[in-house]
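Please read through the structure below; I'll follow up with questions.
Think of it as A, B, C, D, E and F in the order they're written, each chain with its own count starting at 1.
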Amino acid sequence: MRLLVVNPNTTASMTRKIGEAARSAANARTEIVAVNPESGPSSIEGYYDEAFAIPGVIAEMRKAGEIDATIIACFDDTGLDAARSLSPAPVIGIGEAAFHIASLVAGKFSVVTTLSRSVPVIEQNLVRYGLTNRCARVRAANVPVLDLEIPNSPARGRISTEIDQAIREDRAEAIVLGCAGMADLAAELSREHGLPVVDGVVAAVKLAESLIALGLKTSKHGGYATPRPKSFSGAFATFSPTD
Amino acid sequence: MRLLVVNPNTTASMTRKIGEAARSAANARTEIVAVNPESGPSSIEGYYDEAFAIPGVIAEMRKAGEIDATIIACFDDTGLDAARSLSPAPVIGIGEAAFHIASLVAGKFSVVTTLSRSVPVIEQNLVRYGLTNRCARVRAANVPVLDLEIPNSPARGRISTEIDQAIREDRAEAIVLGCAGMADLAAELSREHGLPVVDGVVAAVKLAESLIALGLKTSKHGGYATPRPKSFSGAFATFSPTD
Amino acid sequence: MRLLVVNPNTTASMTRKIGEAARSAANARTEIVAVNPESGPSSIEGYYDEAFAIPGVIAEMRKAGEIDATIIACFDDTGLDAARSLSPAPVIGIGEAAFHIASLVAGKFSVVTTLSRSVPVIEQNLVRYGLTNRCARVRAANVPVLDLEIPNSPARGRISTEIDQAIREDRAEAIVLGCAGMADLAAELSREHGLPVVDGVVAAVKLAESLIALGLKTSKHGGYATPRPKSFSGAFATFSPTD
Amino acid sequence: MRLLVVNPNTTASMTRKIGEAARSAANARTEIVAVNPESGPSSIEGYYDEAFAIPGVIAEMRKAGEIDATIIACFDDTGLDAARSLSPAPVIGIGEAAFHIASLVAGKFSVVTTLSRSVPVIEQNLVRYGLTNRCARVRAANVPVLDLEIPNSPARGRISTEIDQAIREDRAEAIVLGCAGMADLAAELSREHGLPVVDGVVAAVKLAESLIALGLKTSKHGGYATPRPKSFSGAFATFSPTD
Amino acid sequence: MRLLVVNPNTTASMTRKIGEAARSAANARTEIVAVNPESGPSSIEGYYDEAFAIPGVIAEMRKAGEIDATIIACFDDTGLDAARSLSPAPVIGIGEAAFHIASLVAGKFSVVTTLSRSVPVIEQNLVRYGLTNRCARVRAANVPVLDLEIPNSPARGRISTEIDQAIREDRAEAIVLGCAGMADLAAELSREHGLPVVDGVVAAVKLAESLIALGLKTSKHGGYATPRPKSFSGAFATFSPTD
Amino acid sequence: MRLLVVNPNTTASMTRKIGEAARSAANARTEIVAVNPESGPSSIEGYYDEAFAIPGVIAEMRKAGEIDATIIACFDDTGLDAARSLSPAPVIGIGEAAFHIASLVAGKFSVVTTLSRSVPVIEQNLVRYGLTNRCARVRAANVPVLDLEIPNSPARGRISTEIDQAIREDRAEAIVLGCAGMADLAAELSREHGLPVVDGVVAAVKLAESLIALGLKTSKHGGYATPRPKSFSGAFATFSPTD
């Protein structure tokens, strides 16, 4: 099976890291195709960046040809609804993947994300997914996304400190890492703190493989119905839905 | 004061109708600048179309120069969060405007929108805004958006039928019209059914004027913080946030 | 247009201050009629005081003659439901006005009110209005209402301290001032703390003008139906609803 | 022990019926003192009537002298919060009493009240009490309150029809009768429909006796703190709280 | 009337203490039959212990013969749903009893239980009962259940400390003691802290007497329908439901 | 890897069918060990049956020796919490598995279960899991569990009829089959109705394999902490937790 993993930002080193994380979790027969858009922001930190990442995510999905499922590898689940409307195959966001998986191993989890401006985005996703009451708190470690790419930055230390506080103050029973760029830290932080630490990239890979194996595809009843045929003009003309 | 009203789709006739509705509600000293993007979908019917409308909304805001507030004139509040992050001035979506105004004249309202694929989008917005328990039900009249532009189409009749059912079945005390293209129907439907019928375009104009008069601007604490400076590549390079 | 602003307590100096705040926000053609009941409590601090303020609010509405909208200028929205049932014109409470306006400029707000006994009252209103998840926390500054009338009292300092804590501890993106007597502090506190500070009196004036301009009146379907004709006896005989 | 049962409306025949219902449920040593205000509405049907019933409820409580608990015998729990602030002894509304008791014998209950204008009042109380998700639906039988006093009126038949529908449509496991004037119907309707039918008057008597036996009184921390001493003017001067 | 009080654990000293507490609260004509299972855990601290206590609770109910109501005297309301399905008479858990009674004397309460592993159990019960928003916080005093049986243990001191914090940090207006073994502490802690302290054992006795007096029994519509006749095999064969 | 699939009822034919469904979904290297208790009910239809199935589920887990994950194959997730406390390996209920998987392919799903007495059980699980607002409605097809074992029974037809109604009335975008005994119907019903139909048995197998692959185990912080050592007496003595 062929899994498209779209990093919605344009930072190739992060795409590589995400691809490696995805491959490390994938079944032997799963091919991971890790890509990122040509156009758009170099990192996604809040609503504004997100808006300019979505067309690139869709473009990569349309370029990818036949795939069995798509993973959107930004913790904000950038463009998840649009992608689900487009694709006949399943689409999974790494944020929702992490929330659902964490719900299977703990009563309550806390999220540790990068910047405080991303906290409301994640809280709103939790509300929409219906999992608000499984999440004790969304915390920001005050680490810009691309700092996670810098060797020996203080980023890891700050994340670990927030995990400590989540256990003590939030009574968190598991931790969800709130950024695709934290994928390589999960196992070590889990050992260090003695509780499940869930990374969304690998969680999404296993859920995508699961949906494919179960033969389940996105429902076309309701909000994810195939886009109605219509003209798109200007820069987006090639994205027009057709019959 | 100068109010930018952005119709997020590219249909100029709809922009004109929205502009007229906005002007009809505006104060004498309020200048209404009604625009639509050059690039993007001709109507917004669901998540996919919405994704390709947002960059055009932002582009129009950046072109507009000095304005006192922005109104996003699609009932899905297309790109509202991104727009709020960008702008120092207030930004109001016509969906949220209609929900807040309806909450001041009725205990519960029902929404009548165009197509069933838009129902989940609106329901999710209500959840996010926190007003779910003021909304009795979101109903679809099964009228494509652009049919509202066709004289003598059966669209108006179908909307009126849904309003009847909302009063009887949902115990709705007010009706919110769920599409910018319905702006011209509100007064007549209100007389016909004997209860408040709220159109979002005019509601947003009055709320925008109110925020301006009160000197209130979007908070830059939290989710609507100014975008962090970073490079945007490719087609979106000109949208890069800078210091 | 003619706006009746009812201060539900009997303290005339507070009525004057509220009237001035209302006039400062009103359109040139809006006449503000600021009144207070002849009978009732000198301030409203909790449920007991509130119960004895409502008949006076209704009495002032009945005395006022032809008006275009009524504002109830106590943050508890004293008697709002009864007033809405009585009046054909719109009725707005300053509490709900502030909550709705704050929701347009911030993801989450905190309320700073006077005494801790008012906190449950305000929390219950938020639940009823449906805006609970937009409010991070309701805080009490431990300032009796009438202390706000005393020049150079420590009241302002205590309110400012609570705002500081709301920003730090609650991650509040905006502040709502939880008492009509704080109307004169909003602009200064907003500058001092660098985020929107919303006062309900001026918010209600703009919302009332908006509803009037939009031709929207309170729905008479459901809970706000006109009172059924019946006899009221004793001290309240003159308040009997008639056909 | 001495239980004050206040019928908040001025209809003496209803007070007698309520008093009899209360006595039928009371312990042998419980004295029931059933009273109604001298001033106020003859029935309470919606928010407006309620506002003018509360001062009379408080007046009756102050006249009553030493009592062990107060029951407010209108299903809207008229003035419950004010009464709780005033009294050192427990105060129970018949609406809340019925909801709590029904929650002990059924997963979900439906309420059958008199008029549709009372539905929002009851729904708001359920939200405040936190019991919304125990209530399947609040239904109106379209029976004015005082029709319940008329022998052989069609009122009983309409209530029975609504119970049938609640069982079939709402999957209600128990029924709560939503008006003090229905107290005499509960046992018969329970036999007829084969499920628990809860009347609030008798439920409140048993809960009041329970609180007294347990030595529990209303907390004076928070919203029910004793009213602060202050002047009340005009018609309400005698109600001023004092030290 | 005859009340069966089942202590779901096998510790006879605790059964005696619970029986005494129940008798202290019961009416003169109420006979308290306090029992505990022969098989099962010596204390119930979390989900695992609970699972092995339920068959013993049911066994005691079947042995008890004719009774008028059953009380389940573990704060987790161990086996409440199964017991309700079995019995024609009312069944009350001491946890739910305490929550409902506390809701009548305070806006918000905090729970003080034994161990942190019981916190999620109690939180889930509150969610199910619908009373989540009446509970400010569930706190653990870190006291094993059977330490409450040891004279002069530090258990009481730790519980008192948590109550202090609940008042200060949670703004709790009442306290619910979250373990049947704390029944003897309520009155003293109430005096010490100056607010209502509710014990579930005595609360359940009064509620059971109330339901019996009102002639109310568990609804057999819906989830508490009588078990369908079927074979149970092995160790549980004698528990088979029959026609 | 070795997956223990426990059918909590004692009907061996159902265990075989569940085992086959599990194997059909499992990876090549996954060994499915399908078992059922020796003692307990022949089917689980409501709370009473459930209580007597849990000890048998735990007994099977203790007998199973080294396993990598446990699946509890009754849609009520019988004993899930106790099982999670016991086991160092992950434990998944087929109900929660189906809810999480359905949430990845649809905005809202409806559940079609066997009998109406199971509806409240499932609704409560949804509340606990936090997924209530993803579920449009829980429906009962009025089919006893063991009828699903009878060839050519009308059971399948009734389930199909409920699915039709769920699509029309509930606006369900996917269907969850609410009984382990329906596992063989999912694919065919999905083709027939043109939307995703999710069976919990196969969903749980894929989620269990996913958790194992990700190295995630149940958190031992909070509610799922290892049972404290203590004596269990009588019939359950062998289940005593030890150090």
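The definition used in the following text is that a contact is a pair of C-beta atoms (placed from the backbone, for glycine too) under 8 Å apart; a residue touches a chain by one contact, two chains touch by 3 or more.
Please read all numbers here as calculations on a predicted model, not as lab measurements.
Asks: Among the chains, which is located farthest from chain D on the basis of C-alpha centroids?
Replies: Of all the other chains, the one whose centre lies farthest from chain D is A.
Asks: Any chance you could check whether B-D or D-E wins on number of contacting C-beta pairs?
Replies: D-E
Asks: Starting from the mean Cα coordinates of chain C and chain E, work out the distance between those two points in Å.
Replies: 44
Asks: Averaged over CA atoms, how far is the centre of chain A from the centre of chain F? Could you give it in whole Å?
Replies: Here the centre of chain F sits 28 Å away from the centre of chain A.
Asks: Among the residues of chain D, which ones contact at least 2 other chains?
Replies: Expected reply: 107-108, 116, 119-120, 127, 133, 171, 222-224.
Asks: Tell me, which pairs of chains are in touch?
Replies: Here the touching chain pairs work out to A-B, A-C, A-E, A-F, B-C, B-D, B-F, C-D, C-E, D-E, D-F, E-F.
Asks: Where on chain B is chain A touching in the complex?
Replies: Counting only chain B, the residues touching chain A are 10, 37-43, 45-52, 54-56, 58, 79, 81-82, 84-86, 116-117, 119-121, 124, 127-128, 144, 222-225, 227-228, 230-237, 239-241.
Asks: For chain E, which residues count as touching chain C in their complex?
Replies: 107-108, 133, 171
Asks: Which residues of chain F touch chain D in the complex?
Replies: Of all residues in chain F, those touching chain D are 116, 119-120, 127.
Asks: Spell out the residues on chain F that touch chain A in their complex, using ranges where they run on.
Replies: Per the stated touch rule, the residues are 25, 27, 90, 92, 96, 100-101, 103-108, 129-134, 167, 171-174, 187, 194-196, 198, 202-203, 206-207, 209-211, 213-224.
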